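Have a look at the structure that comes next, please.
The chains carry the letters A, B, C and D, assigned in the order they are written, with residues numbered from 1 in each.
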């Protein structure tokens, strides 16, 4: 359970105040504003604030003085055009701010997306909570034998339970030491900026993360991919749902032209043309490596 | 007069719609939302949207779950602390979107601030308006003799009027040619992406410019400076007024710790210590160059 | 002719000095270092400095202590893998610095690529040269009727000559005024930061432009595209040649996986599968708009 | 001891090859190229490559065709001017690439500097070394009582030794579990991307970090500050030495105008003027808070 009662009360108090605004407002997003969507065992994603909507993208693309009088279908057509031709600047005109709780080893992956604003909970200044990520059994997988940086088969129930115990024991023991190190009465009262080094990488941290719509979609397209680590994909999936609530026309175009799209290399295109001309092409006479051929076949099968 | 009647009508229609929101809302900024603040002879600055307020900075700095229950004075103290110690990330958690009309040669200076989102009116796609910046007589200045990249004395009235005529004549003639080049009936119907090259650099363009509060303040601190070119300073001054309406506590701290602050070099500090100890220091025994000595004296005088 | 004799002499003096270095060095790039490659009528591209080579990408990807002992073929395989899977960070580990002379209206397009370092010749501080871009007759095209931001047919010889005259006359007249405005003896001695506004947008400027290899390829993939304006494409093509000299393995992978690649949307993929299964699909039963269908057909034809 | 014999051999092989180049070359930096400068107990900083020198900054600032014929003293004057007036773009024209080994909790601070290129050793792909940071006794400090995010007094010898044992025991135990989790023979063969979560935050990681000179100085000015955490300051100090070897004129200006400089707020300036006029100002009649007054006094004392 990711939230304490005090936190729930604070969120609810926040969510009740409502004021009129002339800014673009999205009812479906207002409905879930501040709500903590659970992710993994102790994490969450909350939308804290947003700027713009589908119409704001169109307005920026046209550098217009107002909301204009075009039909909704024209706006959708323009958004699809912008997405297809990778005209990214109009999408940068929308912005969203999240509050996210996540394990530190996932935060380290996430922070590599540099074009976002981040304010992380400081363990130099404050004490981290006693919360660690322990994978559930269906995500407890062996090292892949074919992919050096991926997962293979899920472990059997018994082994999985044993791994959970190992992870939990070490995390708890390290956290106990952390608390003891910080203790000014019965411990050494070590500086927080030092004591934190004893925590394990599955300890949860949290941050405010603010990003424009273009960079959010870039993040999602990379992290929703089946090759992304499951633990970050779990966050990306929740955020894709939020995207659909916020900018439905854009989200639809994103699914069509980015998530569901495939890029074929020059060689793959040449093979495709041979196939469409009726030729049966095999890996042997394709000129592709085994690995690329498999990727090509997978793309064609979908 | 920067706006046509149609544009005014469009802005007014836009400004009337009001919807409830749970997001942080700033009444003083809502009052001027969409309004075109005139700058120079045909330019303007309009606020199109914003995200966050003074409290949102504090909330991000604390990575908190709600608005919290601290006193306003504590929040102001924290904002002042963050500004003084250049903790910039909480200020990045607010965002503002402007619609700006400005001469092209100023747009070229402005765009050098890379950490912003920009969508400019495209002269490949559309036709620019017949509007050029002509400096008014009080800003029509001779080259500075002491500063290679600055202005010196204002020209006398007669010379100033002559310069205005020269600028206006060339701008109009070039614009006439531009229109003729584009003309598909009586002219060659030249591609817009080519015809635009005939315009002068004082032709007005416009863009949507979106920036976070930290980078807006960085922009303002550079462009509100007396050494900045007057034409961009004119925009910065309007935007500083907007800052005051939007985030008054932050704007106050910005004035105290950035705009009104002075940085002394290591050598200047050493001299300052000698002076405070009662010594009379002259340029000759200061170790500073004439130029640095003058800068030092100017800073002390204020 | 883009260079004066003095500039040629300065470049040659610079190009003769040679010192030993332990850094990765690329002979083919050393050969053309400092050389001005002409572009358009007065522009050029010069490589001023570079950091890294193909092997440096591999070394960074492996975070290795030295150059390693792998075979060249393994390195090429890794580079192709990184390019195919859009692992961009190893490519960011190489850097190149150009000196570029280009018309201002093209500089305005170019500068929109924000992830680069730029130092432009300052017209506040110095006086721009009397050089303007005038398109040659084979690039003097009418507005496209099908593409709102593109070119259509080339103008006939007579019209083309007339347009050249119009462009040249206005540019010269504006430059004459510019010189007169700056004149402290027989003119008003106007401040340089003001006088520059009278120049036309085809006036040449110049800058140092430094970029990492990943962002250079992103720039090239957008600007080498047939939809890019010819005048910027002319620069991109020279720079692609330079890329081939600098990092030949990467350049080959770039051609295969980026320049020559095509992205099909989810709907296009579905149609492709129907076609590969033997079905004859027409636009009418494709579900694609006329425009998307045409793009799809063009991609399949190549 | 941060390096194995194999790594030493690889570095030495790399450092011996030397080729001629026409690029700017800095002898003092060539001398230490590839050398591992030890930091903390197992970390290091190595310079892998560099682009530019002091003269390259001047050349970029002037957008010149060659190295020019100015005197060295003129170049130094220009560099000092650029530093004093925060003209940052010429400094962006130099670039340096480091290989750095550092504890993960310090890597998390470091990565917040977004304007750099990073390629980190991947624990999804490879296995991290059995190396942890354990503070030496002189850096084993209690939490500060006056500064919520700083250190206070150093612990006594006995307590310090006890803390070292606690940190070492937990790190070793967690690493043992990590190895066991990865073991495909006698352990579960857990996926590397999961097993890594069991490591403690003082485990060492390594990365290639490439940055331009302007952003390097920004990093150094923040991290060399006495308020920065000691463990990152230790890296910054080594890197400042490297800066002095690479661009001695710039490093000198950096010390004068940034590291040794102090910024006074508007209110502090007003007080300073009163003091210089002979008045004795106390905190009570200064208008400054106790905290700001103390900062002011500390700045004046130096």
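Note that in this section a residue touches a chain if its C-beta (ideal position, glycine included) is under 8 Å from a C-beta of that chain, and two chains touch if they have at least 3 such contacts.
Keep in mind that what you see is a predicted model, and the values were worked out from it rather than measured.
Common partners of subunit B and subunit C, by the touch rule above, are A, D.
Taken over every residue number at the interface, the positions common to subunit C and subunit D amount to over half, indicating a same-residue contact. Note on chain placement: the centre of subunit B and the centre of subunit D lie 33 Å apart, centres being C-alpha means. Subunit A and subunit B, compared by their mean Cα positions, are separated by 35 Å. Each chain gets a centre from the mean of its Cα atoms; for subunit A and subunit D, those two points are 30 Å apart.
Residues of subunit B in contact with at least two other chains: 89, 112, 118.
Note for the complex: subunit D touches subunit C at residues 3, 7, 10-11, 13-25, 30, 33-34, 48-52, 56, 59-61, 63-68, 89-90, 92-93, 95, 97, 99, 117-121, 206-208, 210, 212. Against subunit C, in their complex, subunit B makes its touches with residues 103-105, 107-108, 111-112, 114-115, 118, 122, 124-125, 133, 135, 140-144, 148-152, 155, 159, 162-163, 166-167, 170-171, 173-174, 177, 180-182, 184, 188-194, 196-202, 229. Interface residues of subunit B facing subunit D in the complex, by the touch rule stated above, are 84-86, 89, 112, 222, 227, 255-257, 259-270, 272-273, 275-276, 292, 295, 299-300, 302.
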